[in-house]
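Have a look at these structures, which come just after this line.
One chain, subunit A, appears in both complexes that follow, with subunit B as partner in the first and subunit C in the second.
And now, the complex of A and B:
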């Protein structure tokens, strides 16, 4: 009964999505307020029904109602409650429902936080979002109905893929989806602006907080996913350039470019065409990501099921979205004239450089991700493009991005004096290079990669300090204390500062772990020791440690540095019973300057075990950097400027709708 | 410099940089493509020598053997028609089992032995690596054509 209610709610949501897609758009075109006003209630009711449907599905999982096929395939009575709940999105159908629900959440958030938008503009935004929602809800209903019954019911469920039974899986998908789907808001704003022919600074200002918010979710989602891969896949890597990772990374790259390009459009009215194009591309990349992950064209832990009909549906949706928006763009773009001109040395130039480089990197990642699929589809052989390609391309293209990132905030809009900038930044740059060389020697890894990484990171950090000092110094009211002047700096500026600082911290993590990590595979018996990177690992035997839905062999390994005992690690080799699937559960001692990571391999005939030992210097800095970027994004999106504007506009909007 | 010349210089410089970036991408791409071959193709001599490639298929039943050091593993990958002996040193994926699909990346040595640097298995019970499945399907197709 509950499942049927959920199914019915999903159908109602589809009807509402269609209404939301058509009526407000017609209203905006004909300037009829009654029609435009339909958008908000339709969006809100849609959210209600989608959440209701989602709740029904969760209910089936929690109560182990195995007459619902999805629950029978992805849950088990012995699965811990939290994984019953997260198991709802650990599969194709449920994750689509989550997709639709996230979109609906964003839509309602727009109706709440952007109340001040002109009625016609809001109607167009809601119309576009409604159309996307209709596309995805119908996809869910017609090709991937999560409420399909299984009759007769299964006696017992098949359980959730053990890889997904992990705390990381509790938050990774919702964050990532909120990020993916969030770019639909930026997209809807761009399309609404194209429809109304109003691509101006106001449009950029309205889009900015939404784009940044989506970017924050995507950043967090990717970071959590990477952390999950690091400790769960059992061999200590944190990024694999796997097609599915790339699928989330491409919208991130374009989203980052979009954030910066929106800044130029808002401040200077320039790059308008380009900004619209980026908004369209970022959302298209999100859809492409969904296609790659959900169509089963690639093998990955994320690819749940292979069903050509599903892949085809998303592909058609993708083609429609790109086709319609580009047509609209081609029709409207010629009317747009460029904004203010700018000199070679100007803030605009540095941001232009940023945008071009991000676009090239995205293109390179896209090539490496899609080319194997194309060849395969055309029956021209099977190939794969591995991490060496992505690394060879990514590093040289990102180095200038980081250099521009340090320089950019010092440069004035429109026109600046090159000599001034050089005088300003040269000392820091020279110190950074010396630091890079010096530190590389100190850590004992004098390679160009280490020197480059450390020098860049040092420059980012030095530049951040200089930037903050400059910012405080240039505030008016020099008589006031530094504290007062610090408080006067707007949140958006702090956001930029923190996010850029985060990039520096991230680079330190990547460089140090890349240059200095070490690993050792050894066979160990009770009482035997192994040494790695100054640490002594003592194997203390293996005991049985059964869990709720698995059996496990748990090893105890003592880690010491010199005489000092540091940690006792307990890696496990598990066998999940429902699927008879073996799993390695690594054990880590996490520290600010290094992780010690141990995972358990196979047991050999003589009772010894294969153990993999890893020493990962500074790896936490990778996620610390991501956290700083995310916090920076939150600060930027929450800047009072966007809200103050909202307050000021309320009377105008009120008179308009009256 | 006149504004017009300056702009030309700017555009020219930008285009040159872009061309350089694209050249970098394409060269790296050329150098890092890893081709996939089925065991049968390897026997037909279609696989490259002196360059890494991938083979895929089933891990032959009874073929997994550990060397005395306990860390080096040898096994055989088959597409049901031909068998390629493989050695690998390192930790194997959890789902690497005899009779199940696997894909390995590495190089062929002079003796026709495949030295793997990477072993990929499937991610869950009911999922076969597409490449492994492909290799087996190809072999079956070939077998059918021969019978006809």
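And now, the complex of A and C:
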């Protein structure tokens, strides 16, 4: 009964999405307020029904109702409650429902936080979002109904994939989806602006907080996903250039470019075509990512459930959404020339350079991801592309991005004096190179990779300090104390500063762990010790440690540095009963400057165990860097400026209607 | 409408064309044209003994698996425990084809994760892989006593799939001769 109610709610949501897609758009075109006004209640009611449907599905999982096929395949009576709840999105159908619910959540958020948008603009935005929603809800209903019954019921469920039974997996998909789907708002704003022919600074200002918010979710989602891969997959890597990882990374790259491009469009009215194109592309990449993951065109670690019929449906959706948008772009964009002119040495140039580089990097990642498919389709042979390609392409393209990132904030809009910039930045650059060389020698890894990484990171950090000092010094009202002037800096500026600082911290982490990590595989018996990177690991035997839905052998390994006891690690080897699937559960001691990571391999015939020991210097800095970027994004999105403008518009709107 | 603004649309449509074609090529669902044909013969060096060579003709008279893998391949690690178990139980001889890999990396990988293979042939340039139509690692071919490819699996082998599909075929083929 509950499942049927959920199914019915989903059908109602589809009807509402269709209404939301058509009526407000017609209203905006004919300038009829009554029709435009339908958008908001339709969006809100749609959210209600989607959440209701989602709740019904969760209910089936929590109560182990195995007459619902999805629950029978992805849950088990012995699964811990939290994984029953997260199991809802650990599969194709449920994750689509989550996708649709996120989209609806974003739509309603737009109706609440951007309620001061002009009525016609809002109507177009809601219309576009409604059309996307109709596409995805119908996809869910027609090809991937989560409420399909299984009669007669299964006696017991098959349980959630053990890889997904992990705290990281609880939040990774919702964050990632909020990010993916969040770009739909920037997309809808861009399409609405193209439809109305009004692509101006106001449009850019409205889009900015939404784009940044989506970007924050995506950043967090990718970071959590990489953290999950790091400790759950059990071999200590944190990024694999897997097609599905790339699918989330491409919208991130374009989203980053979009954030910067929007800044130029708002401040200077320039790059309008480019900004619109980026807004369309960022969301297209999100859709493409969904397609790649769900169609099985590319084989991947992540591709759990794939089905060509579903692939075809998403492809049609993809062609409709992106094809129509790009056609609209080709039709409207030629009228959008103009914007302030700027010299070669100007803030605009650095941002343009950055955007072009981001677009090229995205293209390179896309090419690498789809290359096997291209060659196969052209009958030119069959190949696979591995991490060496991505590293060879990615690093040389990202180095200039980072350099421009350091220079950009110092350069004035419109026109600046090259000599002034060189005088300003050369000392820091020289010190950074020397630091890079010096530190590489100190850590005993004098390779170009280490030198380059450390020098770049040093320059980002030095540049950040210089930038902050310059900002405090240049503020008007120099008579006030530094504390007052610091407080006078707007949140958006802090956001930029923190996010850029985060990039520096991230580079330190990547460089250090790439250059200095060490690992060792040993056979160990009770009481035996092994040494790695100055740490002593003592094996204290293995005991049985059964869990609710698995059996496990748990080893105890004491870690010491010199005489000092540091940690007791307990890696496990688990066998999940329902799927008879073995899993390694690594154990880590996390520290600010290094992680010590232990994973348990197989038992050998003589009773000893294979143990993998890892020493990962500075790896936490990778996620610290991502956190700083995310916090920076939150600051930027929360800047008072966006709210203040909204407040100011209220009286104006009131007088209009009066 | 100026032509340059159509460029994004044209690029996208080309991409969509490839994706549509990609659906037809669905790597997991469409059987390889090689199934039912004689396995392409090859004779290459062995990984652990570079001076010795391995020839596909050596396996005549046996039912065997050819597993294409590489140390850089992430999904290979997923199926590796299953292969190790098959190797230990001696269910079927598994010949590894080390694909576009470095020798040191490959040996290191085996030390770390265990060696399930009876023999490992090396294919550093991917020439053998090309003959076998390898789309990406890992791939597994089931070859019968006469050297005919009976089944091809793309992507990591799962226990369920092995028990349900491959094992019955192996039993059948072994009995048939």
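Keep in mind that, in the parts below, the second predicted complex is superposed on the first by the 639 of 658 C-alpha atoms of A that agree within 3 Å, B and C clash if a C-alpha of one lies under 4 Å from a C-alpha of the other, contacts with A are read in each partner's own complex, and residues count from 1 in each chain.
Note that in this section a contact is a pair of C-beta atoms (placed from the backbone, for glycine too) under 8 Å apart; a residue touches a chain by one contact, two chains touch by 3 or more.
None of these values were measured; they are calculated from a predicted model.
Participant: Does subunit B (first) or subunit C (second) touch A:386, or do both, or does neither?
Facilitator: A:386 sits against subunit B and subunit C alike.
Participant: Which partner does A:438 reach: the first (subunit B), the second (subunit C), both, or neither?
Facilitator: Neither partner.
Participant: When the two structures are overlaid on chain A, which partner does A:55 contact: first (subunit B), second (subunit C), both, or neither?
Facilitator: Once the two structures are laid over each other on A, A:55 reaches no partner at all.
Participant: Quick one: is A:582 in contact with subunit B, with subunit C, with both, or with neither? Answer first, second, both or neither.
Facilitator: both
Participant: Output check: A:591 vs subunit B and subunit C. Expected answer is one of first, second, both, neither. What do you get?
Facilitator: A:591 contacts neither subunit B nor subunit C.
Participant: Looking at the overlay, does A:80 come into contact with subunit B only (first), subunit C only (second), both, or neither?
Facilitator: It touches nothing on subunit B or subunit C.
Participant: Quick one: is A:612 in contact with subunit B, with subunit C, with both, or with neither? Answer first, second, both or neither.
Facilitator: In the superposed model, A:612 contacts both subunit B and subunit C.
Participant: Contact-wise, after the overlay, does A:541 reach subunit B, subunit C, both or neither (first, second, both, neither)?
Facilitator: neither
Participant: Please identify the positions on subunit A that touch both subunit B and subunit C, taking each partner from its own complex.
Facilitator: Residues 235, 299-301, 303, 381-384, 386, 388, 521, 579-582, 601-602, 610, 612, which sit in both footprints.
Participant: Would you mind writing out the residues of subunit A in touch with subunit C in their complex?
Facilitator: Subunit A residues touching subunit C: 233, 235, 240, 242, 273, 277, 280-281, 284, 291, 295-301, 303, 306, 308, 311-312, 315, 318-319, 322-323, 326-327, 329-331, 333-334, 370, 372-374, 376-377, 381-384, 386-388, 521, 579-582, 601-602, 610, 612.
Participant: Which of the residues in subunit C end up touching subunit A in this complex?
Facilitator: Checking each residue of subunit C against subunit A gives 1-2, 5-6, 8-9, 12-13, 15-16, 18-23, 25-29, 70, 72-75, 77-78, 81, 84, 100, 111-112, 114, 126, 129-130, 133-137, 154-156, 159-160.
Participant: Where on subunit B does subunit A make contact in their complex?
Facilitator: Per the stated touch rule, the residues are 6, 10, 14, 18, 21-22, 24-25, 28-29, 31-36, 54, 66, 69-71, 89-92, 94-95, 105, 122-125, 127, 129-131, 134.
Participant: Note which residues of subunit A are touching subunit B in the complex, please.
Facilitator: So the residues of subunit A touching subunit B come out as 161, 163, 234-235, 299-301, 303, 344, 356-357, 360, 363-364, 367-368, 371, 381-386, 388-389, 392-393, 396-397, 521-523, 579-584, 599, 601-602, 604, 608, 610, 612.
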